[in-house]
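Letters A, B and C name the chains as they come in the text, with residue numbers starting at 1 for each one.
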Amino acid sequence: MHKFRVSTRRREELQDITSEVARVIGASGLKSGLCVVYCPHTTAALTVNEGADPDVAEDIISGLGHLVPSSLRFKHAEGNSDAHIKASLFGPSLTLIVEEGRPVLGTWQRIFFCEFDGPRERSVFVRTVAGGAGKE
Amino acid sequence: MHKFRVSTRRREELQDITSEVARVIGASGLKSGLCVVYCPHTTAALTVNEGADPDVAEDIISGLGHLVPSSLRFKHAEGNSDAHIKASLFGPSLTLIVEEGRPVLGTWQRIFFCEFDGPRERSVFVRTVAGGAGKE
Amino acid sequence: MHKFRVSTRRREELQDITSEVARVIGASGLKSGLCVVYCPHTTAALTVNEGADPDVAEDIISGLGHLVPSSLRFKHAEGNSDAHIKASLFGPSLTLIVEEGRPVLGTWQRIFFCEFDGPRERSVFVRTVAGGAGKE
């Protein structure tokens, strides 16, 4: 398993980690298979979305804030239940296809670490698995 | 990696792609393992849900429209930020178990391509990986 | 493929299944690779979130109830469309990294079965795949 660190700078932030994930896959020597990117935190998550226009990441954060307002009455005493809910909505892991030693992404897609309760020092775990079975 | 095309006909639509995914797995020759279905678009996604009653797919679209109204004020100039948010909520990939050459699904489950900014010509990528380890 | 049962006791409930998943991985003999946990139901899902404070699970259920109110007008005659939408928001599968025969989780993370239309008898499927490629 590979690990890398992410330093977030705001309470909520989408940080582009595509190049870090691509570097891990390159270093693993895997040419064809899968790559699982995993977030070991309960107030952060991972997603894939548009990276060309940074307004999209801003809109995702503001849209999620509309969905899960921090003003909702929650029980959890730390006051960050909105971040826990957002983490489960986006999910802790991404499973990507690897071809020719690189993650397969669409033209506009980038991989993002989603901070919902920062700023913090965070970790990302990556596992590569060889694949492509039978007549693939 | 296998690819197939999906032609969507409305701005928002859940299209059942179960038979296409099953066909790809059958053609790969894989009997036991995993199948990753991947959506390379940033305003579309994949999900698994009930296929027997088409009202469920309609309710999912209308329920998501309640969650993420397109009337929210967004920055992204293309005016489709609601679609980007819905794409991240449902996610770009599905990881399915393969047994006896077929995807393992519950009685009522079907695999859906989720269009949030159509109609468009879309692509779906599929990777199969052999598996079942140790005493499996 | 391994299976285990989950008995839910309320309409909506997050039930900690971490020890069941760890037991399945242990029994498979897998030391290093991936584990896919799959929910074959259309009104239930899986997630990873904080398990130390049970208030977090309660807040996730109440927060989701705010997102997808059961009072929305839906077409599906069974009256459980809110549960179908929540199932797709959290998703039917989790892909976990396995190291030293155990699922890799963060300090506060636990694996939860998410019941949205119970109480019911439910099933969970698990597939393990050996991995760690190249220089891993």
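Here is the rule we use: a contact is a pair of C-beta atoms (placed from the backbone, for glycine too) under 8 Å apart; a residue touches a chain by one contact, two chains touch by 3 or more.
Since we're looking at a predicted model, the values are computed, not measured.
Visitor: Considering only which chains touch which, label the overall pattern as line, ring, star, complete or other.
Guide: complete
Visitor: Rounded to the nearest 5 degrees, what is the angle of the rotation that puts subunit B onto subunit C, matching CA atoms?
Guide: Rounded to 5 degrees, the superposing rotation is 120 degrees.
Visitor: Provide the C-alpha centroid distance between subunit A and subunit B, rounded to the nearest whole angstrom.
Guide: 19
Visitor: Residue numbers in subunit A touching 2 or more other chains?
Guide: If we look for residues of subunit A contacting two or more partner chains, we find 33-34, 67, 89, 91, 95, 129-130.
Visitor: Quick one: which bits of subunit B touch subunit A in the complex? Just the residue numbers, please.
Guide: 1-2, 27-30, 33-34, 36, 38-42, 67-68, 72, 74-78, 81-82, 84-85, 87-89, 91-93, 95, 123, 125, 127-130
Visitor: Tell me, which parts of subunit C touch subunit A in their complex?
Guide: Touching subunit A from subunit C are residues 33-34, 47-50, 53, 55-56, 58-60, 62-64, 66-67, 89-91, 94-97, 99, 104-109, 129-136.
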